[in-house]
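Shared chain: chain A. Partners: chain B in the first complex, chain C in the second.
Then we have the complex of A and B:
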């Protein structure tokens, strides 16, 4: 017998996995990641409160007080709003990386309206102007790259990304030009703030939650049932086919990005008008990028994205409490833990899609386990898909 | 045993739950040409990919020259002197033939290579210019480069994956001559094909696969097309295509002096003029890339014409939007090389693909034909309810999936489409079923002109015959059909007339029952131009030409 080397790992694609099994894998992955994090944190913390202390802090940070719960929900829906705005473009395979800039433009226009019109016009009029101008500004910031994409086929990722920096500079310019103190920060604007729907944190949060819950449902229906949604999906799938169906591809690209940008502008409107009452160049909180992750992890489905968004905000808020409870001076460890959890959460998708087998000892002939065969044969017979096509 | 160049024992390969190859045994003897026959999706290419190191088998063993071999990469395959010529060429366009040939071998200076390439070419009778750039080459020249590349690397076992799919009959003959020369030199060759006449012409033995399983291996001399088909399909098939007599109807679509550019801006179609009549099938023959695609796209309104005119029932449709052209009853099912690039959205369900062309109409006023122009006179005669319906049709923001699903169900049952459900993405369907979905949708809008390009490309025999039936039914219903085809045997049997294009120029239109494959081949290669011939050569069909009668 000659010396025969066989590839060590053998990876093959799974056709299908039942939902409960894939959910189990995902939940398992997150649990493993959390346990690893707990070990890491309790080992590294200068003032260790033990393995279970980590979980205590994590949940306390997210759900500890009523105020925290409202903030958790508020941030969840804000992030969801951004992710939904991006998904509108992503469904068309238009990679809108300009969420941050579009949000900031919304913030900026809202702040301008509040500063110069607040108190001088009746509140409802100011609110309306704030809303309209922030929607338009967001739409403009996404519309410009869309026009260039449609007519000159420029790279939308780079273009939208660069628009972010312009927005940051515009905000900085506005702050320094409009405040006398030259400190680079803006005092809270008192006039023209949006009304609250109750007392304390709940009042502010409730408005945000309501707005983006509605937006999410509307966009869900828009993408799924409307003619526009159909056109978007068609262009995303195959531009040639869309052209063949008689769709004006340029028009749809621009229209869709105007919607995507306007929704980001709406987030800015809420951030400045309802929550912070001022504007800073980092007010977007990087949601334009986190939203991309939410969109992908939520498989572009607004309803799943709601869950993902909740999970990410839960981690974010929980970990900041963990850091303060364990007296970490830097955020670095928090970032490591969050990264670890993402890694497991996303990494487990590989095992959902592929079956991995290791080379079994020396025997060359490794028949696949019988149950494998049986499990596969039960599935509905697939029409002879081009096995020849795959992997090319 | 020792005269076997290559032996496969119990080879299996699974893609998810699909067994692409199941327990396959195959022996290639030294110095023979083995044809690997099977329908699309029967696992031929998968099997060959395992031999050439692209896939690794899940089960089974491979022996080369009697010794067990582990081939886990294309480099391994080369070490075992196995070379594969893929169906889709893997050449670099801006390099010369010689540069492509030495690529990745550790070159020894290009002058040297030119000599060696010439040597190989002379030995086997290739026609190759090592200094020619790939982008200047015809398809058959590119194929030659691929084969020489494999030989240059010292392959003793050659695998050719559907080499004749892109060649004219004359080029195929040339290829076969080269293959015989290689065989005489002791090379062992596996040729993948599904054309039976070629199997009979070139091979020593035939191995047949069906649905991933090995059916058997027979000596070519002791078998015939009918027996092979039966092995391939698993049942007896009659190999006759019906051709109902055409009812000579008025011209429906008229192309006059049409000139069109391709994407690169050079001429794709030059001064082309012809008719399509109702109730006839007009075939378009030509080697790949001689303007068929551009012709289809121009008729469907997807491409701008440089000059010329297109009339549909006497009215010019040049410059109308694709939607308006569809509304007039011109349907197109264009099946490009990748089958799913145009006409279908691969990730979408059958239902969603059904409404590709009519999603704009919600379907409340479906009974009357959808008005293409909302002119005021049109609206005048209708009741308020009709007008409200029509308005709602256009402006309802939602698509009507219920109707699309019903249409999908209808097409699935009428054309026997095999699919788990109406919601399955079309890319998950097999090639034949994809084509049926496409044709089914086009027929659903009851066109009077149907343009269909390569409708049976990659289909198994039964599906192909089903498609021919569908086309014949349309023809008998009075539809004018433009059939862009590639298999001349099929075109000769199915079409009423055949128009031959060569580099976008018309070489002539001939009656299918009065011409021959050789004549068509010469015309495709540009060697015979009936347009230039004086008098009336054999088989010329006058009445598809502009001039005798004007619409």
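Then we have the complex of A and C:
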């Protein structure tokens, strides 16, 4: 075993990294992704406005008019609502990929109440029925997979995914069965719409913002300070420990998913009842998936998630203006840029969790005294360490 | 009944390719939720390959067109699979999150790429011509063989390719040393590492090959099912098919040979709306059936739950050699 090849890249697990440094890496990764997309887009666009024009359009699209700012805030809080709903389940390591379907079911139930009860009953009664039925529908769509997960350990991520498509089919069925025109779209429902809190766009947005700001704070407190929140975190860490501690794991799984689904249903309630006043099979806007990314990028902390969701919506709305300014025919450009940012963000986690050193070279990160004690002590016997590894 | 069987096998090829791709990936211990996005990208890449042929000459060679479609579908899909591989194998990221990011990116890229780079310069007529005449070309004289010929011999070349790939994957996994090593990597990478198997190389190979195969599923959908009548919205449909493919993996218990039967069944379920006479509104309800059956399958396999129906032991866990 004399001729042991020294690996060129040496990777070791990092014990700890100060928060400011990890945040710097994350922000840096996102910026690199953004600059890369700016270069690519301004190079490839049919009518390029240049590298700085890209950022100009981006900000103009997101903040250009008062109406746009209100829409930006409204969508931010909608997405935050979805992400917060999903976090409740993720803390338990339950992959609720069914956000889209749960939102759609909320939309569907709200639309049904508006269509068949609106104008026939007093508005407050209709609103209450809309709220209750959309919460129940969302809860049902998450509760069914949860029951099977709790009792038979059925794969929850695929189960919830399939429920998405069932919801889409149900919405399509409702639209084609309830509208006379065979266009596949539903005219706006006039009766039973939720009240607005002021004039124009601001009025609609303010209600949404208010609802989901309160929801976020309540869930933050629920996860952090309540007994339920503790049980959820414990199950996420170890189901067996939770069981030994006397927690009824099955009950907590089902209860938590009902909460998660009901919150998604609430998003649907607001989408149909306050914002759009109708239902389409794509009304969820893929927020169930985006919400997962927001939750994960926000480290499952509702307050960081608020920032992440603001940034994603900023990009989403800004990119649609970039598309029109740069004369792209497809609106999907925003998905590409956001996807690129996901990739860079996911990739940069590696540099936060692991230390990368190149053999023969110096350490990649300049060690600071207290937190790199372990690394400096390891540095001299580096070749031996490599040798040990190969000898295994 | 004959059209139902014919279309079930044709559509089954889409499911089969996606399913076999995901099986290979999962056998290496990686749950790739990016398969729906990868299938979309395969569709976009394949269309681009066909377009290149038409740009080179207005009347290209049929064989060349099909070959370029297949090649570019695998190239594009393999590239996205490579990104997934770098992030989850080398950088050890969370596989679910990375997979979802691939799906979001892949379906966005497909819609954008089809609109901006493929469906320009009147290319849609060329693509549909290629789909109808080249990809769906059959052996001459099949019509005279009756129902047998129509169902089994009158399919597109891509359908036979799908079955060949599935059988090859089954043989490689079951009966070769490479297959044994791959299964070892998926069950317990630390042990595989200890006996000298290059874990990283096996993981990358399985993920990229799996993605390339799944990408073929995308172009099969466009060319065989839609006869090349591609539009930029097709990504959303392919995404739904992709999720069903992942569910199909559980149904077929990680066996590519069983996947052939399973995918024909799902192909039939997916096509039911064209073969049942109901009111137009009810068709949307019939569309639920494949998803409902997938859920049923998930529940039944989880209740039955013996050793044969279990996923690879370290599925979803990333492997870091120094973590022992």
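Quick note on the criterion: the second predicted complex is superposed on the first by the 351 of 392 C-alpha atoms of A that agree within 3 Å, B and C clash if a C-alpha of one lies under 4 Å from a C-alpha of the other, contacts with A are read in each partner's own complex, and residues count from 1 in each chain.
Please note the rule applied: contacts are C-beta pairs under 8 Å (C-beta built on N, C-alpha and C of every residue); 3 or more make two chains touch, one makes a residue touch a chain.
Keep in mind it's a predicted model, so treat the numbers as computed, not measured.
After overlaying the two complexes on the shared chain, residue contacts for A:226 are found with chain B alone; chain C is out of touch.
In the superposition on chain A, contact of A:14 is made with chain B only, not with chain C.
Applying the stated contact rule after C-alpha superposition, one finds that A:51 touches neither chain B nor chain C. In the superposition on chain A, contact of A:238 is made with chain B only, not with chain C. Within the superposed three-chain model, A:340 lies in touch with chain C and out of touch with chain B [touch as defined at top]. On chain A, the patch touched by chain B and the patch touched by chain C overlap at residues 12-13. The touching residues of chain A, when paired with chain B in their complex, are 2, 4-7, 10, 12-16, 225-230, 233-234, 237-238, 240-246, 364-368, 376-377, 379-380, 382-388, 390-391. The touching residues of chain A, counted against chain C in their complex, run 11-13, 95, 97, 148, 152-155, 157-159, 161-163, 165-166, 169-170, 172-173, 176-177, 182, 286, 289-290, 292-293, 296, 328-330, 332-336, 338-340, 342-343, 346-347, 349-350, 353-354, 389, 392.
Those residues of chain C that touch chain A in the shared complex are 33, 83, 86-87, 90-94, 96-98, 100-112, 115-116, 193-194, 232, 240, 243, 246-247, 250, 280-282, 284-285, 287-288, 291-292, 294-295, 298-299, 302-303, 305, 320-323. In the complex of the two chains, the chain B residues touching chain A come out as 13-18, 20-21, 40-46, 49, 54-56, 58-61, 67-68, 70, 72, 211-212, 300, 302, 321-323, 326, 332, 334, 340-348, 352, 355-357, 359-360, 396-399, 401, 418-420, 428-431, 433.
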